[in-house]
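Here come two complexes built around chain A, the first alongside chain B, the second alongside chain C.
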Partner chain A sequence: MGNVGRKLAVLGLGAVGRSVLELADAYGHDITGVADSTAAAIDSNGLAVADILGRKDRGEPIGDADTEAVLAGEYDTLVEVTPTTLGDAQPGFGHVRAALERDKHVVLANKGPMAERYPEVRALADESDGELRFEATVGATIPVLGTIQDYGPEMITAARGVLNGTANFILTRMTHEGLDYEHVLAEAQDLGVAETDPSFDVEGTDAALKCVILANVLTGGEPGFTLDDAEVEGIVDIPPSALELATEDGRTVRLIGEATREGVRVGPRLIPQNGTLAVTGTQNIVQLSTVHAGELNLSGRGAGGHETATAIYADIARLPE
Partner chain B sequence: MNSEVTTQPDGGENVRAYTVRMELVDEPGELLNALEPIAVNGGNLLSIHHERGSLTPRGRIPVQVALECVADRFDDIVTALQDAGITVIEAGEERYSEAVTLLLVGHLVETDLSDTLAELESCPHASVLDFSLSAPHNAEDVSSARVRLAVGREALAETLTAVRALAEEKDLRVIEPQLDDWGG
Partner chain C sequence: MGNVGRKLAVLGLGAVGRSVLELADAYGHDITGVADSTAAAIDSNGLAVADILGRKDRGEPIGDADTEAVLAGEYDTLVEVTPTTLGDAQPGFGHVRAALERDKHVVLANKGPMAERYPEVRALADESDGELRFEATVGATIPVLGTIQDYGPEMITAARGVLNGTANFILTRMTHEGLDYEHVLAEAQDLGVAETDPSFDVEGTDAALKCVILANVLTGGEPGFTLDDAEVEGIVDIPPSALELATEDGRTVRLIGEATREGVRVGPRLIPQNGTLAVTGTQNIVQLSTVHAGELNLSGRGAGGHETATAIYADIARLPE
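Take a look at the complex of A and B:
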């Protein structure tokens, strides 16, 4: 095995960061630094994870250090799980740069830097002795990027799929129950499937960011794509009558994202009801079109704390010694 | 592996969609005269696009017919048309080889539904096969429609672009089909 006992610095302590801490012991790694948006804790011998999470739960500062101290501290892999930001992708981009410039490995779940500044991040990684991995940015546990890397990006012509569980849950419920969008959205919010502000998911932005990352991986960043290059349409205001008409005809509507070397499109699409892409609930699916081996389907849970942390630990296991 | 023999209903095998472009003399009964050989020879009419307003340089009326038939009857149909004195400009399978279904959402009735249909029908490489409307109970709500188009394989992208432009003009929303042909 060999790939245990790494020292991890974790930036971001939302659902994903929390899961990274909770699972560190199971994967045999130490957390030597952790920062949330207000405070940080460092210990080069490994922090007591339960204490950190206890302080976080009680609303207390998790420590007396700050993010800068974590970045300058002792670790061999930076786990960047701060919230995804658009445009300059800060502060995530700065965190990635700081770690790569110190020749540390970087593993991201934050989509911002990989979607908005891919060529720059790639260049920093090329200059660094540290390695860059970001499996968790696309479909959480679903091994999309690892598979593309295994086959070689040049052997994949395109990727498409259902990449947002919230939107998929809403469309599935609307179709099965004949309920309108607002009603199902409220239900999804009650169940914790949708955020209080669901715009990122239902307007297609989240799915588009994942597709932009996929397009960047396919081109290697030449050319690089950003969210501005994507053609994006969400699922807001699709009436139940449209879904009924689809059902009558043996079809259904899903929010589908497509990434090719030419660009990215995301929008509601009409697909066969029993087709591969018609996953239900919060399930995600990604289809890869290969040059020599037809179509490959990868599906699973595309979001969630433990699901995303699982992808992060898979990336950590892929890092060189 | 032994292959099982599957029986198919009459005419169920190898039915394809075709287009025939003709020029008709502007005389009463000429259109009927042109359609009869199709029906008599086993063709199933899908649509007729009869541009009475736009005459050809020779003063004839261009008519475009989409039909379905068993592949080996198509030549009979074309011959029968020619025998009936009809000028066949183009006849072939290449233009309507795929059926695509899409949804339209918006104020379909208020934005002149028949005009929308006419616009769709006027796409040079598409023909409306089927149209289902679901109108709202409340007049302020949007309605939805399911449209099935026969489209030439080569013209699919072009047709979808035309549909998008039409939808934008009328502030309608298109839910496009996810095409099987992807990834190059």
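Take a look at the complex of A and C:
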């Protein structure tokens, strides 16, 4: 394992897809197909990554093929990094199905299929000669799912932590500066830490999707949790006075997500100020409660193109030869 | 991977060996051979673990076989958990060689062979059909080596952290209670956190061995670091006044080990009081500096029988079928 040069087909060319292309050579893999939302390029001998990204930067079509041609082309691993969608999780789900039905490996950063249609994806993977991995869907570069796999899901009783860097940045700034939500949000948007429409992050949806995936992994997809099953509360309504009160009491507020075999809860929680879970800024942390080895804490950058691509390449290193 | 029932031969029956036996059934594996320092038991259909441990508890020989017979017996994975020895790393090294030469997988918790004779062990593994894994040698249950493998050693520039729970327990107690070293050591010995002869822990040797193994992993065993190459300073000579001064300055002292491609350094270091590395009590932490994904922090219980056995079973889950 680990040193096999792969032929990768990449669907999605946002920040993560770009990073996957940029780092492919460093990891010793070829990109034999790539598609964005409007066009695609294919070369079974390996595409010239710089040319593709140059065309993308200039607003030109990246090639004259389409997504279907990429999926039907020559590759051993599909890297699915189109934007996360809810409900039917399309078009991501269809991409995953098309590749698994062709007995290709599939590595995802797209949370939709694993959060909204886990049992279906699992069944497709079970019938495929291809393997399915999705480390990048939970905490980007933090090795959460690989660790659960190695320990055995049955040896983990719960996973909890801070799983959204934007919400955590806003909460830590509000706490340290005594500023209100709207003010800090505007600042975070200026810095590029929060999106123009921040609702996915600040309402807890993004953290909830990650926790739904964790709950599905812990249960093996039975019953198959979706976002609808999660109890979710965001950070939008927290007044600065609540954060002040917490500080006076030696505590602090974080948006904590928790996944167990029973389900998923996400919401603002009071935690010890210097406790393990009180990461600051855009840091993420996941704490796994184990049956035989206490609590295991994994923290790092939970978002970012190169960070997410790093998790994708870690997954690829684990694929069978 | 992961769900294969294995036949395990276990050499060493201290706290870790016991835990390996106790948890074998939960992980779905059979123990087909086990040896302590005076006797051994073999059964290719799987030994009755409770009987073995009962004999051990009563001070009886655990069987009428010997270590050689276990090594020549029927098993697919050798679990080497005899005590760590320095220099020639015997008898651990000989056990590892005997199993690899028979094309068996080898999983170690014994640090000696990987710290003192890494290139030789690596060469034996390269020539063997068996695989070599040793997650349990660094931070017990903390998934350090598996993460480095997944990321690729070339993508990690340094590993540093708190790698000895005994020294960390003593330092945190000295800091919080203002007590001197001798006093806290006696307390730690009463609690069973420190051994009667604590020199291995408090002089930094144990942390240094772990860092030597990390440096060997980062370099692939070229040049092949040993304990002799490490710059090591322990915690024995730290006066309580130094800890007080650090506290007044918002900092604290920890025994920090660092491994890079250039080598290994272990010693007391001033770090921020609420910083990531300032774990308390017997907690361990390892921070990996990555090329593309910032710093990754992994913390948890760095010692203990069940904790170390958990890492051993995580390694076993990663072995090829």
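Throughout what follows, the second predicted complex is superposed on the first by the 319 of 321 C-alpha atoms of A that agree within 3 Å, B and C clash if a C-alpha of one lies under 4 Å from a C-alpha of the other, contacts with A are read in each partner's own complex, and residues count from 1 in each chain.
In this section, contacts are C-beta pairs under 8 Å (C-beta built on N, C-alpha and C of every residue); 3 or more make two chains touch, one makes a residue touch a chain.
The shown structure was predicted, so the numbers you read here are calculated from the model rather than taken from an experiment.
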Looking at A:105 after the superposition, I want to know if it touches chain B, chain C, both of them or none. Which is it: first, second, both, neither? neither
Once chain A of both complexes is superposed, is A:270 in touch with chain B (first), chain C (second), both, or neither? first
Applying the touch criterion given at the start, work out whether A:256 contacts chain B, chain C, both or neither, answering first, second, both or neither. first
Once chain A of both complexes is superposed, is A:173 in touch with chain B (first), chain C (second), both, or neither? neither
Mind telling me which of the two, chain B or chain C, contacts the most residues of chain A? C
For A:298, decide between first (touching chain B), second (touching chain C), both and neither. second
Following superposition on chain A, which residues of chain A contact chain B and also contact chain C? 295
Footprint of chain A on chain C - complex, ascending: 2, 23, 27, 140-143, 146-147, 149-152, 155, 274, 276, 290, 292-301, 304, 306-307, 309-311, 313-315, 317-318
Under the stated contact criterion, what part of chain B meets chain A in this complex? 101-103, 105, 132, 134, 136, 141-146, 173, 175-178, 182-184
Note which residues of chain A are touching chain B in the complex, please. 157-158, 160, 237-239, 241-242, 244-246, 248-249, 251, 253-254, 256, 258, 260, 267-271, 277, 289, 295
